[in-house]
Structure formats: C-alpha cells, structure tokens
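Heads up, the next two complexes both have chain A, just with different partners, chain B and then chain C.
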Partner chain A sequence: MHNCQDEPLINRWFPVAGTTELPKRHVFHGQLLGEELALWRSDDGTVNAWENRCPHRGVRLSIGINLGSELKCRYHGMQFATGSGQCTFMPAHRDMPPARALCVKTYSCIELDGFIWVTLGKAAAPGATLFSTGPATPLRSLPYNVSALVVADALTRHNDQVIARVQPIDAFGLEACGPHPAIFALQPVDHDRCILHGAILSAVGSEDRVAILHAFSDSMSELRRAVESAGTRLLAPERSKSESAYRRLIDGQVRYGMAA
Partner chain B sequence: MITLYDFELSGNCYKLRLLMSILGVQHESRDVDFYPGREHKADWFLKINPLGQLPVLIDDGLVLRDAQAILVYLASRYDPSGKWYPRDDPAVLGQIAMWLSFADSITATASAARLQNAMYFDLDGDKARAGAHGLFRVLDEHLWFGEQAGRDWLCPGDHPTVADIACFPYVALSEDGGISRQDYPAIRRWLDRVKRIPGFIVMSGIFPAAVAAA
Partner chain C sequence: MTDPSRLDPIAANDWQVVASLEELPQGRVVHSRLLSQPICIAKLGEDVAVWQDDGRMRPNQLVTAAQIREGLPVILRFGYVWTSLGHPNHDLFDIPECAEPDRRQVVTGCIRVNVSAPRAVENFLDMGHFPFVHTNYLGEEPHTEVKPYQVEVTRSPTEIIATNCLFYQPKANTNATTGFEVEYVYRVPHPYCAILYKSAPEAPERRDVIALFCQPIEEDWMNAHVYMSLIDSVSTLAGMRRFQQTIFGQDRPILENQVPKRLPLDTRSEVPIRADAMSAAYRRYLRDSGLSFGVIPVERPAGA
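Moving on, here comes the complex of A and B:
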C-alpha cells in the first residue's frame, strides 16, 4: 500500500479490525476519523463497512442483526443488503418495494494481510499493505484514549523502553526491530483516540505464539498506561467533541508530526 | 417452589432468572419496588435481607442473598451435568471464584453508573464509568486471548459456567450507564455467544443475538 504522507486522511486506507474479529452473524462496532462504522461479514465471506446509522430513523446499525446476507435494523426491522446497503424489506410495508433512496451509506473496504481496511474517500483499493512482506502474525489491536499523533510520537521517541528501535514508515506506519520484527499501523478513531494494530513479520510456531502475542500485548498496554496517564483521562469521550478539530483532521491539515 | 425476590430492571435479579431458565428450573417472582419505591429498604424486606439488597432467593426454607452465591447454589443443586459449576478441578474452581468476584466489581462500577444515569441515584457516575472501562479492558484482553486458545468462555473448558452468567448482565447493560463497548470487540463477541446459550432469555435493555449461521 502506498499511503503517501501528503494524501488527505479521508483518501487513505486504514486498518479497522483484524479479519478474525468479524465472525459470521456478528456486527463489529468501529470508528475511523470520527465516523462510526458498523462492520459485518455476510455468510459468503464479503465484508461490509457501513455508516453506523440506519437511513430510516438513525439508530446505530452496530446493534442490528446480521442475517447472513442482510443486516436488519433493531428498531423497525428494515433489512439492508450486503454489498449495496440497499433496503430490501420493510416489515410494515411488505408488499411495497423499498425506495431506492432508502440505502445505507457504504464505505470501500478490503480484507488483506489479516486486517480489514477502510477508506472514507474514493481512493482505489490498494494491492498490497504495510504487512505484505510475507507471512505475518497479527497482534491484538489495542485502543488508546489519546490521538494517533501522541502514540506515534511515543513509539518513536521512547521506543527503547517499549518496543525496540521503532522506525517510521509514514505518518501511520512504524517498524519495530526487536527479537520479533513487527510492523505497526495506527487507526485514527477520532482526534483524541486511536487504535494500534500490528503484526509480527513471520509465521510464529504454535508453541511460542501465545507467549509472544502476550509479550507484545503487555508492551502495548505499558505504552498505553504511559501515554494516557500523561494528561488524558481514561474515559472514552463520546464522538468528536470539537467539530473544528475534527474538520481539520479529516481535511489533512493536522500532520501527524513525525520526523521522516 | 423457589421464590425470588425480584426487580424487573435489576441485572443481579435477571442473572438468576437467566440461569433458572437455562436449567429449566421453575420459580415464582415476588416483585420488590426497588425504584422508585425503595422497597428493598422497607422494614418487611430488611427482615428477609438485613443488608437491604436484591435479589433474595428462598428454596425449601433456605434463605440466600447475594446473586453470585445464589448462582453457585442453583448450579450445584439443579444442574445434574455439573458443567455450570464444575467442582472437580481446583484450578477451575479458583478461576470461577475469581470471576464471580470480578462480577461484583462490575456491579460496583457499571451498575452504579446505570443507577446514577437512569435511576438518579446519588453516586459518582464519572468515577463509576472510569472504573468500568478499567475492568472492561481486563475482560476484553482475557476474552481475546481465550479466542486465540479456542476458549469461548471465561473459564477453561468447552462449556460456560456461572462465571459467564455472573458477569454478563451489567456488561450487556453498560450503555444504560453511558459506558460504550466500542473499544471491547472481544467482549462484544462473547456477549453474542452468551445470548446463543439454549434457554437464554432477555430483560429490558438486553437484545437477543442473531441466529448462528447454519
């Protein structure tokens, strides 16, 4: 994937979940650049990344019901088709074809290298990602109640205590050269929350696997305690508090300040 | 016949209704007006539970208070399979006790936030929410690593235990207290699994899961 640092954030592709985080008949609750997402896998394996809002009455679709090829809203039972997001059935008007305008807002998504990737813009799907270097073992993704900027800065500046020798790849990708080389990718949830995704750049033997995953999880949690205690409260704030800060973020005017 | 001193909106009462439904145990509920009536502090109820707390269960003359204790009793007495409270492995027994205690911590935080938010109790809601998020982080990590090891439930084994029933309600009701579960995807998947246990019943604020894929 070529995530050029000058590309506005809205046109970039970000990981939002590991592929195993979306089992069938489940709805995953995600968020990217302030936009809440309902992510779900249909029974044929297709992943959908939808605005987390029913077009009928606005209820969150992340509390909806994954029927296998439709997502059903919990509130009035409207069903929306995998792929298009088009309403296919209205229980209160079962003989009436649903209006074409009754359609969930959908986002482009792909499943690649162990992660689900989403863009809020119109950029073409990448053919490869940061993790496309060979067999990779995904780590547990960890949410942080601080901005991606703070986590990227902490990883590069204080990496000797946390994850050895982290090098920036671009504003959202980092490479760690410890005993188990790994790549990290940051997902900006909103202007003051992010999720750190990562993968070890090798296939790990089954006997060591859980121990290594635990070691990375412990390091990432240690980093989280450090950056969150430095002035950010633990409470996850509700959506974006400041519209102007959010606008600057999605317009790409806020640079994730890292020395290249 | 078992008598449950019950309040419809209480997660701690619901977990007993839930386990009795799963085990196919009949009971009759005696409604106590916890909110707004504060009947759990009335003289007549304090004679049954001097702590002034719901739930209380009476079975064959035995009077029990404390939801977690009652789960242990119901599973020990009414689950002939022994799977809901397995007692033959000390390591499993210790872990069940650990998560039953964790359920009490969830009550002290996530339930307190809900009481403050939805029933106007004079409690520190922000402190309760921060405490619940701290616990949910621990729970989510435990469940994620469980999935990696092929374990669906809180404790080892291929069957849920009273620990899952004890922790489930106030996690599933957390949004009533302003505690989003967006940051806890492994918890969200575990909630779906609990909701698919045969005999599962709902309460207000807890929805059923989608039917599992064939």
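Moving on, here comes the complex of A and C:
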C-alpha cells in the first residue's frame, strides 16, 4: 500500500520522531512517504514502528493501548507482541491460539542521536546518522504543509542571523554554517507535507539555551510562512526560473514531492 | 455532481433511506445527498417528495407539489423515507414485528459518520467489540468469549440470518440493572441495512427490534439512521434515544479510524477469526451482489 514507488526512498532511513516523543506507555502517530505509522516503546525500551492498522479489521493502532509488552487494539482487544507484531491473545476466543496471519506489518526502526529512524524497505540500519558528529542540542521539530524538497530548497536560500549558509548534504539532509552550526533532516510525510528535524552541533550553555532555541524556532517558522504561501511541490529545473545547487543535486534522483 | 452514468447500478436500482419522517419540516425543502448525488426532500401533507437537486431550490424554502418537476419513487416505511435513483424491480424489505400495535417506535436520530456504509453495517453485526467499545453497557471484560452461532443465507429474497448469538451484557437496555446473557438474532436484508432482535425484558417470549439504516452519501461518508421498535412501557422517549445515541457515539470513533474507509472484499486484506462468521457472510454477500459503492471490490488477476 505504499504511496511511494521510489525504491531509493523506500530503502532510506528517515527520522520520524524525537526520542522524547515516545514516553513510557504512549503510542505516537507518525507518517512516512504516505504510510501511517503507530510508534511505541515497550517497557524494556524496544521501539516499534508498525503499520497503523490492525490486521483484523483495519482500526488504527495509534488509538490502541500500550500494555508494556503488547499493543492492544481498541476495537476487539486483540493484543500484538512487541518486536514481532504477532497476535498473542484474541479475547473473543480466549483459549484459541491466534493464527499466524494475525500479525501487524512491522518496519525496521532504530533509536539513535535523539531521534527514531525508520525505513519502509529492507536496508540495513545505519551505524551513524547526520547527527553523530558530536554533542548536539535537538531543535523543536516543525511540520510544513509542503513537500520536503520545497523546504530543503528554501533552506539553502534562507539567510538570517540564526540559520545561514545552508548546504545540502543530500536530498533530505542539510547543514547550516551560520553562527550556530546545525544539521537538518527532513521527514517526507507524504508528497505535500514534511517535518523538519534539526539539532545544533554543540551543547548549548544553559544561560543562552532558551534564547538560542527560540531564535531557531522563529527562523524555522518564518521559513514556513514563506514556503507555505507558494505551491506544495518542487518544480523541475527546466520549469523553474531560479537555479540552485539543491535542484542540481537532486535532478533526476528524486521524484517524490516534485511537481508532475 | 458525479456523472449519473457512472452510478453504481446495484445501489442506484435499490431503495435507499434518506430521512426520517419526524425529522422533516412540513412544506420546506431539505437538501441531502445519496450515492454522491445531490437530492431534495420535502414533506407535503401526508406525502413526501424526493427529487434530484437541479439547483433551483434553496434549503428551507417553502415548496408545493406543483413546483416539483420530476420526482423520484418514494416508499414511506418504519417512519422513514426511502427512495431510489434508478428503477427498483423489487419491494423494500419489511420488518413485520414493527406493525404490532403495542410497540413503541423510536427514531433515535441521524448521525453522519466519515466511513462507508458497509463498514458501519459490519460493525453493527459484530459482538466481539462489545466489551471494549461498549464497556459496562453491552459487554465487559473478562466476559469476552464469542460462542459459535449459526449463519444462513436465504434465497429470494437474499438475506443473511444469524441465530443463537449469545453474549453476556452488563446493561443490555435502558432499564437493565443487572448483567445477563442476551440472545440476539441478526438479519441483513439489504446491503446497507441490518436488523437485530433481542429478547424484550418486559415480554421474554417477544423480541425488541433495533435496526441500522445506512444512507450512503459518498463512498466514505454515511448517515446512520438508528431505528428501534420496543416493548417498553416504562422508559421515556428521551431515555431510549439517549441510550442508543450513547451506544452509537461509542462506535463512531472506531468507525472513523478504520483504514481503508471502504470495506475491502478481498479475503486476504483483513484476517477474520471464528467470531467473524457473520462479517465473512456479509462480505461474501456484497461480493456476490456486484455492489461497488462503499466497497473495495476484489481485483481480478491480470489476464483472467
């Protein structure tokens, strides 16, 4: 049921939540490349990234109940085990072993550098992320109602006193070399929406901390006002008036989030 | 407006519910939708007129029979207005029990739900969710077992009947004060309608009737009209309505969180358990009917 047919993207690892968004016994609703996710942490710390759909009757598992080592569906109380997603208990038939087919579709996921990372494909987990360069201060993640490509392209042209001289690392990762060097990673929610995750590449001292985080938040919000006033998809280079390093970088590489 | 030639012929040539009589104002235009088509409804004395909206009438405007050019066929039954966008070659189903003079007929109201009509019907036929969705009313843990029951499909007319459906209920109706095992009979006489019969507390040899009439608005939107015909000399009308609205209000967030919103008819898309015998029969019945509005039909393999 992938909305995304782009093999390299399906096999890429993306951040889908900050580590703090999965507190004990919570179920977090996420989305990646059009695919809805139910994200939850079991009591032993394991993070699960599941298709947001009970295999029995299709109810979203993000409205389910985190029991610590199972997720319980709201509709019929069926319980699905952390890790495998296999149904372990069907209340309608208390003594009957659940069929093997009663298993939630699971996605590979890891928790690294303050974020939960998910791939919809089979690619091996990375040993390091864009944020692995040293101590980092995570920024507030911000949703944008435009494609990830539009935000990335706009970031490379965004210059203010906080976020400046932004260079693309690849289609969904960028580094800013302004007064506070930072890394940004984009989560393509679907063709027309994304979430911008970021971190300042240093441990920010406590006296400046709030002011600097506010300044980043304001700058990212200003970027949002600017990009959301235009179209939601990125125009192909031949149709766009402006030329940018970012467009040249992704030309012919990424179609997800490009205007048709 | 959807091109009428693209209407689902099975749904269009059947009778569909569009309103309850008691909710219609006298002599005024009410706008509604049926199978993605805009329609107008007006109560004119003892009659009701339904016609396809051509944009000439404003909502709530006064109207007389002379102003209506081409009316759609209408049946008034169980206190509801039924119409058809096509040419039904059969009568609307009946619920003979409802004609008994000592019954109280309750129109509990109309609730718009962002789901297909077949998803709502399937939920109505489901006992396994009682302890989890209708906790302390129609079920409670650990009384979660769904015992085997019988399902049969009758021919001419084609209907699904499920009998011997037993379930422990802590508060089975408005007046119940203790829990007991309730016996249900279910009946599906129409792709978008289902009826349940449960023993009437005041007259154990007779049965209360609760029916769900779904008005298919869009493929993924429906109006739920819940109708009851009860043997109950005690409850107030408001109390009976409130009980049923509470129950349906509990189902609604579940229905609106079902993905996909249309009911998938491919047996591989969702995994049934033994308790789903009725749901499996219902999906088979929809598949055999050829209906497409509100369902995801089974994809034929390429080249077949």
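The criterion applied here is as follows: the second predicted complex is superposed on the first by the 218 of 260 C-alpha atoms of A that agree within 3 Å, B and C clash if a C-alpha of one lies under 4 Å from a C-alpha of the other, contacts with A are read in each partner's own complex, and residues count from 1 in each chain.
What we mean here is this: a contact is a pair of C-beta atoms (placed from the backbone, for glycine too) under 8 Å apart; a residue touches a chain by one contact, two chains touch by 3 or more.
Everything numeric in this text was worked out from a predicted model, so none of it was measured.
**Student:** Going by the contact rule set out at the top, does A:Arg165 touch chain B (first), chain C (second), both, or neither?
**Tutor:** neither
**Student:** Taking the superposition on A as described, I'd like to know which of chain B and chain C A:Asp43 touches: first, second, both or neither.
**Tutor:** A:Asp43 sits against chain B, while chain C stays out of touch.
**Student:** Counting only touches as set out at the top, which of chain B and chain C does A:Tyr75 meet: first, second, both, neither?
**Tutor:** It touches chain C, and chain B stays clear.
**Student:** Now for A:Arg140: first (chain B), second (chain C), both, or neither, which partner does it touch?
**Tutor:** first
**Student:** For A:Arg157, decide between first (touching chain B), second (touching chain C), both and neither.
**Tutor:** A:Arg157 sits against neither chain B nor chain C.
**Student:** What is the contact status of A:Ile63 with respect to chain B (first) and chain C (second): first, second, both, or neither?
**Tutor:** Both: A:Ile63 reaches chain B and chain C.
**Student:** Please indicate which partner A:Met96 is in contact with in the superposed arrangement: first for chain B, second for chain C, both, or neither.
**Tutor:** After superposing on A, A:Met96 lies in contact with chain C but is clear of chain B.
**Student:** Which touches a greater number of chain A residues, chain B or chain C?
**Tutor:** Looking at chain A, the partner in contact with more of its residues is B.
**Student:** Which partner does A:His29 contact after superposing on A: first (chain B), second (chain C), both, neither?
**Tutor:** first
**Student:** Is A:Pro55 contacted by the first partner chain B, the second partner chain C, both or neither?
**Tutor:** In the superposed model, A:Pro55 contacts chain C only, not chain B.
**Student:** Share the list of chain A residues that count as touching for chain B in one structure and for chain C in the other.
**Tutor:** The overlap between the chain B and chain C interfaces on chain A comprises residues 36, 63, 74.
**Student:** Which of the residues in chain A end up touching chain B in this complex?
**Tutor:** Those residues of chain A that touch chain B are 17, 20-21, 23-26, 28-31, 36, 43, 62-63, 65-68, 74, 140, 143, 209-210, 213-214, 217, 221, 233-236, 238.
**Student:** Per the contact definition, I'd like the list of chain C residues that touch chain A in the complex.
**Tutor:** Touch list, chain C to chain A: 122, 127-129, 131-133, 141-142, 144-146, 253-254, 257-260, 264, 270-275.
**Student:** Where on chain A does chain C make contact in their complex?
**Tutor:** 36, 52-53, 55-60, 63, 74-77, 90-94, 96, 98-99, 101-102
**Student:** Sort out for me which residues of chain B touch chain A in the complex.
**Tutor:** Those in contact with chain A are residues 126, 129-130, 133-134, 141, 144-145, 147-149, 178, 180-183, 185, 188-189, 192, 207, 209-213.
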